[in-house]
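One chain, chain A, links the two complexes that follow: it is found with chain B in the first and with chain C in the second.
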Partner chain A sequence: MDLHKILREIAFYSTGITVAFVVAGLSLILMGHDILKGYYTLFFTSFSSLSGISLTILKFIPLLLMSLGFAIPLMARKYNVGVEGQFLLGAIGAVTVAFSLSSLPGPILITLILTGGVIFGAAWALIPALMLYKFNVNEIISTILLNFISFYLVDYIATGPWRDVFAGHPMTLPIPDQGILPLIIQNPQINMGFILALLFPFLAYLYVYRTVRGYELRAVGANPRASMIFGINTNYIAPLSLIIGGMLSGLAGSIEVAGLHYRLIEGMHSNYGSLSILIALICKGNPIGVILTSFFISVIEIGASGMQRTMGVPVELIFIVEALILLFILMADVVKARKK
Partner chain B sequence: MVHFIEMREISKRFGDVQALDNVSIYIDKNEVVGLLGENGAGKTTLMNILYGLYKADKGEIFIEGKKVKIRSPKDALSYKIVMVHQHFKLIPNFTVIENILLGSVKGMKLNLKTYEEELSKISREFGLDVDLYEKVRELPVGIRQRVEILRALFRGARLLILDEPTTNLTPQEVDVLLSALKRMTKAGLSIVFITHKVKEAMKVADRIIVLKAGKLMGVLDGALASEEKLIELMMGVRDVKPLVLFSNIDLGSLEPPKEEVLIVENLKVQGEKGEIVVNNVSFTLRRGEILGVAGVSGNGQRELVEALAGIRRPASGKILINGIEITGAPPAKIFQMGVFYIPEDRIGDGLLPTMSVSENVILGHHNNPPFKRGILMDWNIVHRTVEKYVKEFKVKAQNVGIPAGTLSGGNIQKLQIIRALIREPKIILAHNPTRGLDIATVDMILRKFLELRNKGASILLISEDLDELMSICDRIMVMYKGEVMGIIRRENFDLYKIGAMMAGMRGAQ
Partner chain C sequence: MSEVIALMEQIILYLKYVLLTTVPYILAGLGMSISGRSGIFIVYNEGLMLAGASATFLTTYLTGGDIFLGLIAGISIGVVFGLIMAYFTVTLKLNQFVIGLALFIMGLGIGNLMYKLVIGVVLVPPRIPLLQDVYIPFLSDIPIVGPVLFQQNILFYLSILLALIIHYFMFKTAWGLNFRSVGENPKVADSMGINVFLIRYIATVLGSVLIALAGSYLPLAFTGTYTESIVGGRGWITIALTLFGKWSPLLIMLGSMIFAGTEAFVYRLQVAGLALPYQFLLMVPFLVTLVILIQVYRRAEMPQALGRPYDREAIEE
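Showing the complex of A and B:
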């Protein structure tokens, strides 16, 4: 009975994903490309070279952490659209610590850099959290607006006293060498941020499904009024979940600095924000589901840039596919609900 | 003999539920037919088919021997069939006469005076007194119902279908209604009286038709029917053990008075618009006592209990539990003192639809050992505890892990009751805990309440069902317009006295 249900669930979702890729294939044909080569490039660029693997993992780390940063508030029915801004503040926190304490030895400095990212990300989420707590300001609006402010903050710091005057793009100088995350594997190059990031889905799972606070978080998401009536202090639960989301996104920002760019660069958030929201929504906030989905999205993201390089297919095509996957999965849910 | 109305082999299905299964009934002239059954038995569905609101999957309807098709209430009206639903369909801002004439008279110009006499005559004839020029929104429920019935009579109804017409009526209003129905049948009308109350059906009906889960269980002559027989038919079991509702329980003496566990002094509570809806309410609840709260719904009961449960902040006054003042304390603190609340709105106020049965039952207790250990929940203990109760209460759920939102209303209510019992309650605040439940479950809940009472717990039972209150309460407090009209002790219980107080007459404290 249960197995049957699970199989049906898988069938529903894989149909959605397949349809999304069929649409992508049709677009490839319409644009006059070789469809088989397109699919091959899309799915295998990540695995066809060591650098492909390395690039995929580098994309996977922030996506994983930020989609958790969206998923945890989602449990309380809060939409932390601010993951992008919190990520950038995490990056700012990382360079601030790195430049201010540049004489510290490596292990201590790295710990402080990552902590700085977590604290800055949390502080950035504290603003919408307080606005929600005090004035019941909708978190979607406040976090989106804070994202814009964070872009300019990055700009300001990347053109401030730490700026790299020889670079043609706003960016800071590199952080001290001992602050860079050590590699755990040399070939392909994978840094310790990977291990760190992989810890968090399990920690999030424990928090959400095993702790008292996690139970309260889900209860508030399921029915805030009933939760209040039965003694849960609903006022602070949702704001707290935003702050946890900010911590995770901030950590992603500091890993990005200490593990990939070694500096703060304008535009370094890429499109992580929307992708991570998409990932969290596809797996409906399930912290374990986030691992696979983040990896899958990283693979097709790398594949998409491969397609652009080798075939001249615009990467935008893959945004459409990603959006379609989400759309079809949401539609599958509606169909399932109707069938009941 | 040709019957006035005959419904033959009616079947109707809603999704997975067979709401009606081959039901054949007839209605004769000059009779009151009681249509008796539990919630979900198919009573209202059957009548909605006759009234043209639903289309039967199968079956035929005959009126005076002729086969008819009733596709809409308009068709039904052309056959002089009128139904008065539980929720009245009146326009609050119109006067009584405007409401009655609306849709019944044709023409460009409406001259109220021409109809005034005819309407007064009808209302006099059947003893349905009502001021024709009063606005409907000013009228209490009982009078609004009279307006609905008058409208049906004015339209020349030959068959009047009443769906649970005594809901929220005081016993006095019920008497007026019943005698009006008798006069109507004498005047040639037929009446279908839908009810889930056995006593009521016996009192009013010439013939009683019993349905259970969409099946016709039997038809009894009203004069010959016995309570036992009717309950057996309704429940579909033989030799039903005596039910709390129908037995006269000896609760023992109230003397000497036991200690007061809940004291309420001069409590004032505001409603949504800032108006005072609980006005100067004072009472005490003693250890090992069931205190009933009677009253037509909407007279401040909800606000009172929400203030006691810590959900609504009182405007003034005091609430003490075990001598400790908790006025305005948050729900968590009140919960911690062993005061558990069973809200009236089981879905909106009590259900976590997407979460499991266990996670629902544990809500509010989740912060207490043994259900938590340190910062972690101990789901094993939670599941085991909940499973025990789920079995005892015969909750229909495959396991305690399925989402509670997939359960039926009755089973969801059982979860609310279990939630109040799971951790040694000292005080239970129960608001309409048995509404809409089947007889067996109601009996189980009332027994549980009595058992708790005898163990020394105290229960504040707010209910719209006077029979229920009178069967298990030590005392009954009556509320009207937010005020306490009086508190009556068990030895002085009197249906009509309580009824008069529900209508605003003060009784002895």
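Showing the complex of A and C:
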């Protein structure tokens, strides 16, 4: 890719993003707020304090892993809307391991907690993967239905034997201390999950662009019929990509337990599912683009909570703007294609 | 004897309740059927239904209980969503699933944002009046059938009528044949002089209006209030029901009734105090839908050009 092409790409992307934020600004004016204060709060709350940085990173970790979990199946043109449920199953896996093996020493327990998350997430994705493989069931619907089932599973476990009876909201007791992810930086507080999460976009990049399996994945996404004719066993590629997506989302769930909440909490998936879908679609599944976009979305999510806290602007406004970013970028793509 | 009468009353109440809960599935399923038959696969039901519920609730609340204006507000949201969807997928020829997911997320945001802007965060949620039951003269007096079928709210009658009308239009008229050809083979339809783009625009907008109305129904018929979880997965379940009904109005209606019947039965079990934890009972509708999906896809029958943009200049595949 030459420089001219990259600049062109950046120009179209920034136009799309800018238009979305102009809409945000206009809505702020309509709602009677100070637009400059709004923009400032939106973009700089993350960087204005140490806790802001720490909160941004804590949001960035699950978003990065889950948007990768959506991005990899996207290569095979599959829409893994189930990242949310896979994340929750990962969290369930983490607490299950933590409570069952609570006497193990720290490093081993942490490794097993994270592995538990990966396995539970993969197992949850195995269901839509098998339905796709055996009966060609559309993965959007099957994974969404499994999300709803996972909400009830979390509720069941959070009110089960491990329940924290003194908490007002369904949640389990905290996991043992030695199962908690160690901090790598004290101020701002950043835990080991950050480094771990950052590894995966690069691994994903190597997998997708530098291995035969990754090549097959992209080939099936680009042209399933041609791939079949040229001898790629297309049947298992897409289901396998869903399982990889489940592993990544499950890992996100276990890091969320071991690095942030230290327990399973009903509703802990927040709006991660929708956001990670938007992130992956905005950067068209590019594993390296996912890093930048996840970080950007984390920053404005922290900014949006800041706006709600200090200015009384509902966070949903920014949620809509995030969807608009995707729509405007897609529009910019069409313009770009026509200008060629 | 009195026990028999009591049981009969229970059954009548149950059936009446089942039909009451069927309405949103039918309306949204019809919406999916109309747009799908023209080749547009809508996946934003869940989001649009929430936006529709919010718009209807707020308008009814602000006008002091004017349900008609509330419904108009719901319809308007549907028109806006339909136009956006059609513009992006028909005119710009972008991927229907991607745009659908973006609109799904937008619908969630819009529904909750409007409510927060108008009502804010309050301890006691405001209420609106519920839809009244309309008694059909003579018919509502028939024993058993009367109370079940002819003592329902106006949107129930509307949804049944619409299912019949749309079915007749699609399968019994020449217009319907033209309409379906757009979703089966747009190239042939185009060569026969049918305006593929216009029909897809109209179908997407009409479909979205019905989906939004399905959302409007929820606060008007069930709760009288608006909550973030008011749709609670019904939008996604509708997609499965539409596939189950092979995109045909009457089959979708039948499937919706069977599904709503199962759902209501499960809640009855819950009330009756079954030994199973309530979370597992609440999972049942979703599990049932998953099983339905497997059955459906074994014999997948869909409009041939579903999900694919039509490009006049494209070379034949």
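Note that the second predicted complex is superposed on the first by the 337 of 340 C-alpha atoms of A that agree within 3 Å, B and C clash if a C-alpha of one lies under 4 Å from a C-alpha of the other, contacts with A are read in each partner's own complex, and residues count from 1 in each chain.
Definition applied: a contact is a pair of C-beta atoms (placed from the backbone, for glycine too) under 8 Å apart; a residue touches a chain by one contact, two chains touch by 3 or more.
All of these numbers come straight from a predicted model, not from anything done at the bench.
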Clash-or-fit label for the pair chain B, chain C on chain A: fit
Partner chain in contact with A:129 - chain B first, chain C second, else both or neither: neither
Touched partner set for A:20, first chain B, second chain C, both or neither: neither
Inter-chain angle, chain B to chain C through the CA centre of chain A, in degrees rounded to a multiple of 10: 70
Touching partner for A:148 - first (chain B), second (chain C), both, neither: second
Partner, of chain C and chain B, that touches more residues belonging to chain A: C
Which of chain B and chain C A:213 touches, first, second, both or neither: first
Chain B versus chain C as contact partner of A:278, first or second or both or neither: second
Contacts of A:319 with chain B and chain C, given as first, second, both or neither: second
Shortest span in Å between Cα atoms of chain B and of chain C, once chain A is used as the common reference: 6
Chain A positions touched by chain B in one structure and by chain C in the second: none
Complex contact set, residues of chain B against chain A: 309, 311, 330-332, 334-336, 341, 343, 348-355, 359, 362-364, 366-367, 372, 375-377, 379, 419
Chain B contact footprint on chain A (complex, rising order): 210-213, 215-216, 218-219, 221-223, 225-233
Complex contacts: residues of chain A adjacent to chain C: 31, 79, 81, 131, 135-138, 140-142, 144-146, 148-149, 152-153, 155-156, 274, 277-278, 281, 314, 316-317, 319-320, 322-324, 326-327, 330-331, 334
Chain C to chain A touching residues, read off their complex: 43, 84, 88, 92-94, 97-99, 101-103, 105-106, 108-110, 112-113, 116-117, 233, 236-237, 239-240, 243, 277, 279-280, 282-283, 286-287, 289-290, 293-294, 296-298, 300
